[in-house]
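What follows is chain A paired twice: with chain B in the first complex and chain C in the second.
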Partner chain A sequence: MNQGVRFTRDQNRKNLASWLLTTPALLWLLIFFLIPYLIVIIYSFLTPDIYDVNFEFSLDAYRQALGADYLKTFFLSFRLAVLTTLLCVLLGFPVAYYIARAKDKLKNTLLVFIIIPFWTNLIIRIFSWRIFLAYNGVLNDILIKAGVIGAPLEIMRTDLAVILVMVYVYLPYMILPLYSVLEKLDFTLLQAAMDLGANELKAFFRITLPLAAEGIFAGSLLVFIPALGAYLIPQLVGNQKSLYLGQVITYKIKNIPRNWPMASALSLILLFGVAVLLLLLFALYKRSKARRRV
Partner chain B sequence: MEEIKLQNLSKQFDGFTAVDDVSLNIKSGELFSFLGPSGCGKTTLLRMIAGFEIPNNGRILIGNTDITDIPPYKRQVNTIFQNYSLFPHMTLFENVAFGLKIRKTPKPEMNDRVKDMLKLVKMDDQANKYPDQISGGQKQRIAIARALINNPKVLLLDEPLAALDLKLRQHMLIELMNIHDAVGITFIYVTHDQSEAMSISDRVAVMNHGRIIQAGPPDDIYERPNSIFSAYFIGETNLITGEVCDIESEYVQLRCPDGQGSSFEIDSTFHFNPTLGKEITVSLRPEKIAISRSKPRYQDDINMLRGVIEDILYLGSHTQYIVRVGALKFRVFSQHKRVYFDDKALDWEEPVWLFWHDTDTWLIDQIPEEVLSAKEISEGGVNHLSRSAKRQSIT
Partner chain C sequence: MKRINISQFYKGFNLTAFSLVMVFLYIPILILIIFSFNDAKIITGWRGFTTKYYLQLVENDAIKEAFRNTMLIAGLSTLISTIFGILTALGMENKRFSGRRIVSALIYIPLVIPDILMGVSLALLFNFTRVNTGMLTVLIAHITFCISYTVIVIQSRLEGFDYSLVEAAMDLGAKPATIFWKIKFPLMLPGIIAAALLAFTLSIDDFIITFFTSGRGFDTLPIYVEGTIRRGTITTINSLSTLMIGFTLFLVVITKRVRKVLISSL
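For the complex of A and B:
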């Protein structure tokens, strides 16, 4: 009895402490996350004005956003996100695998190399790609001098350039989670598989890949979601013929006449799409885990 | 009958010789153990048979097929790994079925065989569990089932019991023997645990520094060690180096280096050519020596020494006495049987008699010196008591 009383008192004290400790963060989220989102939600149901909005309820923004006008935008962004994620998995896996199997000293050096780009400003890195890919840029220079091509290639301001730079920027976000699962992977499992008759390829597909699934999943989320809303990279190395969702949303706010409701609606559709996708993936993931825990 | 032949196998890693010119035939159906301290090359040898290491020299044959250069997945050899290496993302059933699935065995046949195999290892009621839901001993059984289902010609076991606790280890040892009897294929067993190797094996190869020091049935190695290393690595022993001081037809007299001029006899039915004055080393197992406070009745084939008890270690089933005989120390095991001599327990510093039959004084052949490093000779030589005492305290 006595024990029970003391337990609840301790419990209360613990609760109080945890509330006190989490309050600043909760306030922060409320002021800088939830309230802005509420504003966005409210704006998406208003009617546009040249500079601002009219406080009149309307569903026009959603009607238009989900209509044929923006189909291409959604498609382009989705394609970009899928391609970037796929390429990051394909390029990142061997790298992560190699680092995971390297000796400790080399491992740390290589990891630093993966992280170094984060130390340089993103815009600077994108601009160096512009110099590299430009019509009179470094890449064309090298290729011409090497005699591979006769005339410079038009890479800058194409969708190819967007993909290239996207993969470059997001690759570390794929490599690091992949590395963390592959590092924990017990490589004697591969020997066991080979011992049981699986050649290297079969051992990879039946052992390594399923056991790395969590890393692929985490990395894909880290790449796919930001890629879906990409703005900076398409803006700096892409062209104006194929506009991505992030660019369209920005233009709706930047260009006069402004269309706040449209920008808000597009943002919310993007958010909703990502949320649904995430919930689906998590449900799938949970089910595969639950199957294991029966 | 398909013998496994190891012919002049050698393996170097970065200038370090892990396996050094090993030649050996392992009979079909035999349970053969490689026994040695860590780093003696036994695991490398096993991995070469499995195909995970390519020898720098020598051939490996199963029957008449040379498998030296065949990749592991094409060898009819399966391995039980030290930590079992069960696939964590597969059920036990899927784990056992793995080899058959890879070989695209038809499903009905596969299901039947997996079920039979799970039954053999008494795990048929847990087929749908995952490896992290079962105990170490159960993992062990699944690993065995997963290997045996491929009908290998040889099953390799790499310290398979090292991760289990003592009771379970003893239990699994018996089960391993039963499984071996049931399937009748060749088992090659690698361990550093001499009692495991002794109890399970048809034959044992004692290894050190990449070489086989001695190979033979367990009792042969225990009773008739061919080297200081064999004698001291397997079981406990007293190693005494002394000078041959008398040669008779029945026995050879060895001067005991105890500093007080004692001597004892070695039965000369062992074929060796003694020369007067030559230094030889003998091994004398502690359990062969009787200890008594009263002087035993004289018999002409009994060796007797007088000493003082320096230490007593009670070990349950027996007591280990450390008896000082002049400058020498003898270890003596005595079981607690009251029907025998000393009713009253012996005490520290008590003068006692040590006596043993002269056939139990085992002469160790001169072995090539390079097999043992200087450190080991000093530890395993005349009085390697400190090391053995340390080992005692662990067990």
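For the complex of A and C:
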């Protein structure tokens, strides 16, 4: 009995210590992460001013944001995120598989090769594609000199260039989580399935893919979510005729006349979309895990 | 016999895919490095070898200032977010901590929200509170997005922690402070260094959140580079980029060294 009381007292002390240790980060995130969203919510219901906002209630921002004007923007961003994620899975899977099955010594070297671009400054990687794909760029130069094409291709400043560079930038985010599940995969299962008469394709779809689902989920999240809000890549390699959500939000905040209520409403719609997506994915993931156990 | 053939095809396919992806990942960077020696003022084919843009780089005061700003912000945000990370990870070690869920939520949620939203929300916060944007606001923003990463990296290191060492030290009569500095901290150190390096890279790399929280007159390198590309004067950007790639490679190499030294010293 006595010991039980001392045990809880000790736990209370530990609990207090935990609160003290986590309070700095907790307060910081409260002030600089959570409260700013409250301000975004408030601003989304105000009226715009050329430089600032007027504190007059209005629903105009939502009315416009959900109207026909921004349909194309939402569609473009969604399409970009879907295509980028799909292409990253298709390209990333064989790469992750290859690394996971490589000899242990080779593995780390191969991983470093995937990580180096990932560590290289984003803006530089985007800029390098401009040099490569530009109208007077290296690719056109080589193709013309080789006699493959007569006039330069106009790849730069198209939606195709945006997707290409998106895949380029986000591919490592897909490869790394895929690698980490494939590395743990028990390859004797595949061998067993094939010994029992399954062919490679069947073994792949029935064993490898379901077991890699966790990595595909994780990688897709890491690619899809930032892709929805992409600004820099569409801005630097896309064109001004097809504006993506990230660009529209940024223009509403940075360019004059400003429209902060609009930027806020669009941001909150994006946030809502991400939340719905996460909940859906999570439910799907739980179901697939439950089914696997059966 | 048949199976071996298919396996070989499979392996060949994966190897081909891997090689193609490597080409895809490295061609643009290689071209960038080669063309930093190209004697041309605009994006164009090869016009001859020159190193003059590297010399221009050294003379460019705006670049030097952007570099100083980047390092200052990265250094300070790494230091502060790593301290937050250490404290929070230690606090979260207690599995029965009553605030566990709240802290976890606040740490993980920023990671699953597009960066641009953090930029927008901080821009509005600084507007609402009438704080002038500049170095301080950029620093605040960088600490905010680094915290989640430092906490998670240090926490994952603590998860594999062998508590029998602490128990043994307690049995031998060591004081809590001694236990912390002699046992726990050294074991946490690789995680702390990994967290700090990650925070440093994230800070150097960030464009969008800095873009929303820096005022005119406070440029970090990514902001400077973007502005220069937009204005179309790209002469020094190639050489600057090449140096930055070199810096990255240097970081990769020293991380490996640091890790090796740490592991061997334990």
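In this section, the second predicted complex is superposed on the first by the 289 of 294 C-alpha atoms of A that agree within 3 Å, B and C clash if a C-alpha of one lies under 4 Å from a C-alpha of the other, contacts with A are read in each partner's own complex, and residues count from 1 in each chain.
Basically, a contact is a pair of C-beta atoms (placed from the backbone, for glycine too) under 8 Å apart; a residue touches a chain by one contact, two chains touch by 3 or more.
Note that this is a predicted model, so its numbers are computed, not measured.
Among chain B and chain C, the chain that touches a larger number of residues in chain A is C. Of the two partner chains placed by the overlay, only chain C lies in contact with A:G246; chain B stays clear of it.
Contacts of A:D69 after superposition: neither chain B nor chain C is touched.
In the overlay built on the shared chain, the residue A:E154 is in contact with neither chain B nor chain C. Of the two partner chains placed by the overlay, only chain C lies in contact with A:L91; chain B stays clear of it. In the superposition on chain A, A:K202 contacts chain B only, with no contact to chain C. Contact with chain B, but none with chain C, is seen for A:P210 once the two complexes are overlaid on the shared chain. In the superposition on chain A, A:S18 contacts chain C only, with no contact to chain B.
With both structures placed on the common chain, the touch criterion links A:M194 to chain B and to chain C. In the superposition on chain A, A:D10 contacts neither chain B nor chain C. Of the residues of chain A, those at positions 194, 199 touch chain B in one of the two structures and chain C in the other. Within the complex, the chain C residues that touch chain A are 3, 6-7, 10-11, 13-15, 17-18, 21-22, 24-29, 31-32, 35, 42-46, 84-85, 87-88, 90-94, 96-99, 102-103, 106-107, 109-110, 112-118, 120-125, 127-128, 140-141, 143-144, 147, 151, 201, 204-205, 207-208, 211-212, 221-222, 225-226, 229, 234, 237-238, 241, 244-245, 248-249, 251-252.
By the touch rule above, chain A contacts chain B in their complex via residues 186, 188-189, 191-199, 202, 206-207, 210-211, 292, 294.
The touching residues of chain B, counted against chain A in their complex, run 50-52, 71-74, 77-79, 81, 83, 85-89, 98-99, 102-103, 128, 130, 146-147, 150.
Chain contact summary for the complex, chain A toward chain C: residues 11, 14-15, 17-22, 24-26, 28-30, 32-37, 39-40, 43, 52, 91-92, 94-95, 97-99, 101, 110, 112-117, 119-125, 127-132, 134, 136-138, 141, 168, 171-172, 194, 199-200, 221, 225-226, 228-229, 231-232, 236, 246, 249-250, 253-254, 260, 263-264, 267, 270-271, 274, 278.
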